[in-house]
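One chain, chain A, appears in both complexes that follow, with chain B as partner in the first and chain C in the second.
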Partner chain A sequence: MELLSPVPPGWGGSLLRGLLSSVEIAVGAFGLGLLIGICGAYGKLYGGPIAKDLWAVYTTIVRAVPELVLILLLYFAGTDLINRVLVMAGYEPINISGLVAGILVLGFVQGAYSTEVIRGAILAIPQGQIEAARAYGMSPILMLKRITLPAMLPFAIPGLANLWLIATKDTALLAVVGFNELTLTTRVAAGATKAYFTFFIAAGALYLLLTLVSNVFIRRIERWARRGMPSTAGA
Partner chain B sequence: MSVDAPVMTPPARAPSWLKPHRIGLLAVALALVIAATLFMRWDWLPRYYGLALQGIWRTIWILVVTCALGIMLAVPLGLAQAAGPWWLAAPARGFCTMIRGTPLLLQLWLLYYGLGSLFPQFPWIRHSELWPYLRQAWPYAVLSLTLSYAAYEGEVMRGAFAGVPRGQLEAARAYGMSRWKIFRRIWMPQAFYRALPTLAGETVLQLKATPLVATITVVDIYNVAGRVRQETFITYEPLLLLALVYMVITGIIVFLFRRLESRIPVKIG
Partner chain C sequence: MSMAGTAANPSPLAQDGAAEALHIESLHKKFGDLHVLKGVSLSARDGDVIAIIGGSGSGKSTLLRCINCLENPTSGVIRVNGEQIRLKADSHGHTIPADRRQIERIRSRLGMVFQSFNLWSHLTLLENVIEVPVHVLGVKRDKAIAEAQTLLDRVGLAEKRDVYPAYLSGGQQQRGAIARALAIQPRVMLFDEPTSALDPELVGEVLKVIGDLAREGRTMVLVTHEMKFAREVATHVVYLYNGLVEEEGPPEEIFGAPKSERLKQFIRSIG
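On to the complex of A and B.
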């Protein structure tokens, strides 16, 4: 147990720092994914024929290829591409931090899934509400803010909650490209002390705690988003 | 006003997905593929051809074995949660929550490094018949992927078992079927039909989880791509080909499940 103590001879502090960076990446990736998802859902529903097809290609490919492969591909190709563009434009090549790269890559992956979730949720809104908003002469942005987003939220929350939980667990994949989040920290600690079970179970408990705490908040957000709607059998 | 408006029957022509803009997009895609074949380096392919086929075979093998074993575990897990007494339902739910709440990579490393460092300490394990297998990496890969699939599918099967209408089971009981026969003929098939579309998606997710086994030295197709990258310093080409391989396998899985779904005789409400 003294191995897990938070002061330096123990590894508890490192594990907690790892958890913190995992959460940072998950929050960033989920937020970026939401942004991409809203754009993607709009593109798929209301975009022109070419935009529709391009978004379909994006969601199909990203959902068919393993996250690990995408992470490697985007991690290497992305940093390489940005540096080449910078050099061509006459700037010094920059070193992209693991945190930013991780957020961008996981956000790109999450975007494909949240596109589908949000598209389904927008389709579940009674279409009369959107037609009414149009009839009032609302601009598309105002309609998004006042009608579409609030009305789709109750339908989107179960799917988005799932995506959030997936995002927290997908951060572990960044261990493979050498980013120091919880899983890699755990492996380093376990390798150094040979106490494999202690550390992996401790890290598992941290992830599980994150999931359970998230579930509490998700339930609260869901109740808030569904306020004023008829109750269902499930709730 | 005419009552029967003339029904417009469009004349037979190109399939509906082939619209003018699609031809343009296809041309762009084709140009990209040709550019990739011409300007990228593929000279490593002949050398790694055999290894790649072996890797693909191993990926598919792991996928099939873990899905088959996982679904066998998932049925009792789902049944215990849907209809079991509390002392069966509670551990089943706990198992599903625990596996679904932690990353697969962590579980894999826990089993491989944890058990792998624990086993050699017991002489009777080292002298047992199983030891040659326990020293390899793939049993740990299969075990952890199976447990993961079982936990996710246990949750799916719970919903599916609970979703079968009560009346069906009551009717079966009224016919005098035994409990086992009700399960085999009524409950189980209907639950499977309900779960099938979800299972298709989950199987694709399982395929996408298989490259994780490369981190514990199982030589699947992902590992082969990594080896090409290390030995030839070619970064993008193996990864692009790898993505293509996974997309093709995904396509095959989706196709097979669609065939399976189309065999369901009636639509159940």
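On to the complex of A and C.
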């Protein structure tokens, strides 16, 4: 047990820092994915033919290729590409931090799934409510902010909650590119102490804890998003 | 008010000097090959209550929805409050509003009431009523709330201000939707079959509210199946048949002494 102590020589502090990194990446990636998802859903629903095709290519490819492959591809090829472009344009190559790269790569993947969740949720809004917003002179941006997003939220929450939980676990994939999130930290700790069982059980418990805490928030958000909808309980 | 598109017989109201609120001229609307409106004209002066009647598929709802470009007319002229809606052709050859800001501004002064109420389900009744004044028209929130209270009181829903639409009856929702329309201080109110989705016992409460508005001189265009009501409150009745104005005139003439054979038949069948 002293192996898990938060003060050295215990590894508990490292594990918690790993968890924190995982949460940071998950929050960033989920947020970025949400932004991409809103744009993607709008592009797919209301965009011109070219925008529709581009978004379709994006969601199809990202959802077709295994995430691990995408992460390796985007992480190494992506940073390489950015630096080549910078060098060609006459700038110094930059060192992209693992955190930023992780958020960008996972966010890019999340965005494809978010696009479909949000598109479905927007389609589930009773059409008359959108029409009323148009009939009263709302601009497209105002309508998005005041009507479309809040009205689609109750339909999107279950799908988005799934995506959030997937995001927390997908951070483990970043271990393969050497980013110090929870899984890599666990492996290092386990390798150094040979206490594989202890550390992986501990990591598992931390992932479970993250999910349980998430569930509390998700339930609250869902209750708030569904405030205008009669409860289905007992119906 | 006057009506072109039929025989040149200017309505007596056309000379009474009230300002023109709405003017439509040779309006056409095609959905693909389907020619729904085939050149309809009508105009309303301040205080006019125009009832549009007609059978299913006559184009009456489409006509109403073209006024605020919820449906874009294929061709024709629409003037609201003396301002003509500028239209242009898009890359597919469809007619669309040329200036988004103009159409948004015009829409924000046309109070539309829908058949299926269309209150925003994530907002309480009060929030529904103040939504457009606060976020589109830029009215201060306190002022908008005070006005909304008065309006909700007037449609008999003062107690329900913090209730979400899903928890209201159809009649209450429609009265709330009328309060939402009134809150923008509309130049013209547009009613699209406001009682067609209601249970029979709830129709009366909604018609009473609309009738009161008509009697206080609100300008309105009303698409309805309630012939008795149209006869009571309208200053002018337009009978649409197959995308054209078949007959129009004061309600006592339209219902009391219809000239067209189709209108006679329509009134018998409804009646």
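One rule holds for everything that comes next: the second predicted complex is superposed on the first by the 232 of 235 C-alpha atoms of A that agree within 3 Å, B and C clash if a C-alpha of one lies under 4 Å from a C-alpha of the other, contacts with A are read in each partner's own complex, and residues count from 1 in each chain.
Criterion: contacts are C-beta pairs under 8 Å (C-beta built on N, C-alpha and C of every residue); 3 or more make two chains touch, one makes a residue touch a chain.
As the structure is a computational prediction, the values presented were derived from the model and not from experiment.
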Chain B versus chain C as contact partner of A:Ala203, first or second or both or neither: first
Partner touching more residues of chain A, whether chain B or chain C: B
Which superposed partner A:Leu68 touches (first chain B, second chain C, both, neither): first
First, second, both or neither for A:Ala77, with chain B first and chain C second: first
Partner chain(s) touched by A:Ala190 [first = chain B, second = chain C, both, neither]: first
Chain B versus chain C as contact partner of A:Arg227, first or second or both or neither: second
In the complex with chain C, residue positions of chain A that touch it: 126, 128-129, 131-139, 142, 146-147, 150-151, 153-154, 225, 227-230
Complex interface listing, chain C residues touching chain A: 68, 70, 100, 103-110, 112, 114, 116-124, 131-132, 135-136, 164-167, 184
Residues of chain B touching chain A in the complex: 19, 21-22, 24-25, 97-98, 100-107, 109-110, 113-114, 117-118, 204, 207-212, 215, 222, 235-236, 239-240, 242-243, 246-247, 250-251
Partner chain B, residues of chain A touching it in the complex: 49-50, 53-54, 61, 63-70, 72-73, 76-77, 80, 165, 169-173, 175-176, 183, 186-187, 190-191, 194, 196-197, 200-201, 203-204, 207-208, 211-212
